[in-house]
């Protein structure tokens, strides 16, 4: 197909070839690791900053404001200025904190997005880790983040932080279940856990359309649970600023605070990316039945653009939630998960399994 | 009940209290030792039924401190002012009415803070606004060389 | 400084599994410097003890050294969101004491200002309590519309927040020629905007779950604790001073006292929303009928009240505001007491927040509409 020409595999292959011909295999591996690491680091830093900017602009649009406008054209440099400010700020360690855990927490929180992002295929051939258990890996690794949040809440020796940390722990552990189950629903449809293959399988149509009713239910549940898992409003209990001032990261300053902040936005990206990959066909272009002309035009748009368009669509949706809804209460959040989302999910898995068994999907 | 009827009833029921028509509302001055019983009576008496304590405050006079209660009946919509004087200014004490109107508990704390009247049987008498180093600023003999400039 | 004494910190014994949290003095949801000493078990509130006085400014003491026109200026520093009602209360008290009859025009202007001020106050309450519940967008909607009222205030009296518009004997200046036009334009505009408020929050299922049935204050408790204003009316306590003791132009107009029955947070919310509609109705009845005439009567250069005691009640945006003046015939009052609605309302929090969660405590405080300088005075 036409969009195959945007495949990144030849580029990565040629770099690998060039390296392996000139240096030893060990050095090749090290150099490749370094390149990938630096690329991800840059991506996370830049994309995190951009998401902060996007959030501020989206929020401003909902609130009939302009948002940042002063620093750079359309305020584009505002978040960079903020980030530099955060870097230069004094790192305050309160006297009575548990120093080791206090300093460890932000690193645990920031490591999670680095791990999860590795399995995400941005475009054909642009994926660093292609497991056969990719989906499983994402759900497993993303729950490590809650340890960081709990540690931050506990080690800060602040009652507000502790309440925030505990709330967040209860919430994330609960919503892990829904995220995992809605993904499993789709895995039943796909028949594989390998991320690249899941995307490849959607060549003929996105899973959201292929799996129709159960896929739609799973998608809704995934977006709700994903919002909750990233601690974003209306589920931002852990840092409910009108109740707990800033929740688990109250006592952090400077770059450590920035780590929490950045991790939240990259987690947002990962949730949106997973929704894109599993439900919306990843980097696959949008095709409509047998409208050949329309489909050809769609094919001319590179996979990378498709991927980010879909991701931004979902990120916008999640931001929309945050700036519209009031916050839930902790018991209501847990009720929503255990009394509504979980039974719906279990039923949905059954429905999907029946459907796949009887071949009712497109 | 009109003000005249109110005055009449209060006078007949409390012969030793001073009842008069004030500038706006009927006023009754009750002896400090009879205050609590009187208050209980005007709340429970169904023809008076003063169930809403609008305002409770104190006024410092040269020889005594007066506590003024503004009372309204939500059933009959009549309004009355009750006054009670403490025996002296030095050890000003008065019975609490916090058990009759819960809101009095907080107004009495304020009065204690600003005028220094101790209320007997008050559940939790503490200073609301000022800390312990302050005197009682609404007393007329209050002097504060640091914070107040005398003209 | 005084010794740190335990008796001011904890009134009851702390049981096992309980811990103390100071909500405030600096806390986003206390809307000022209020400290709630909260005894919690997990998330559940066992006891709330309000500690006030962080911005006690001794206004009652100050008034003893000031003349009556000067006292008016201090009153809008108390409840700055219902500044005009507070001004008016002192003016009415002084006028009643002197038996001065103010011109009809003044009564109309004051009443319109009262209701505009009430609208502005309820708008700020709406947006701030929306923010307390986590709906941050609400904050900007409310402030956007409040701006129009503040512009009207600025046009006529030059001030936006602390108006100082009422003076004993009338108002300070005549209304701006554009006043009627801009008020009418505002009403037309706000009638369209107010349903947006409902769409954004009142009809929202999360919002209703957060507020319905939360922090119920019964009618008996409302009366016993002296809870007035929309908060008291939500419990079914008919306490509208405008209705029961009408002042200014309120006797001339028809309006409903908006009442609730449940006394929960949602009902408090609903009563305030209804009051905004009612305020607009009141303004519309008055705005075209402002009689011609003087905007003030000539008062003596030095106002001296006759000896005696005077009490004046007005309905501020938060409840019943009272001024009690004891005069000894001099140009300064002997004693002034301001009965502030917030003071009585605040202390019910312990009574109704027990057993609810921290988030509910915030919701209760949001629907109580507390203004801290009003409590501390």
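Chains: A, B and C, in written order; residue numbering restarts at 1 for each.
In the analysis below, a contact is a pair of C-beta atoms (placed from the backbone, for glycine too) under 8 Å apart; a residue touches a chain by one contact, two chains touch by 3 or more.
Just so it is clear, the structure is predicted and the values come from calculations on it, not from any experiment.
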{"item": "Chain contact graph, described as a line, ring, star, complete graph or other shape", "value": "line"}
{"item": "Distance-maximising chain from chain C - centres being C-alpha averages", "value": "A"}
{"item": "Distance between the centres, which are taken as Cα means, of chain B and chain A, whole angstrom", "value": "64"}
{"item": "For chain A paired with chain C, centre-to-centre distance based on mean C-alpha positions, whole Å", "value": "46"}
{"item": "Chain centre separation in whole Å, for chain C relative to chain B (CA means)", "value": "24"}
{"item": "Touching two or more other chains - residue numbers and ranges from chain A", "value": "none"}
{"item": "Chain A-facing residues of chain C, complex", "value": "19, 21, 27-29, 43, 130-137, 139-141, 144, 200-201, 204, 206-207, 209-210, 357-360, 362"}
{"item": "Residue ranges of chain B touching chain C (in the complex, touch as defined)", "value": "22-25, 27, 51-55, 57, 59-60, 68, 70, 74, 77, 81, 101-103, 105-107, 110, 114, 124, 126-133, 137-138, 151"}
{"item": "Residues of chain A defined as touching chain C within the complex", "value": "59, 62-65, 159-160, 163, 167, 233-234, 236-237, 240-245, 323-332"}
{"item": "Residues of chain C touching chain B in the complex", "value": "1-3, 5, 7-8, 11, 51-53, 56, 58, 60-61, 65, 96-97, 221, 223-226, 237-239, 244, 308-311, 313, 320, 322, 324, 326, 334-335, 337, 339, 343-344, 347, 351, 376"}
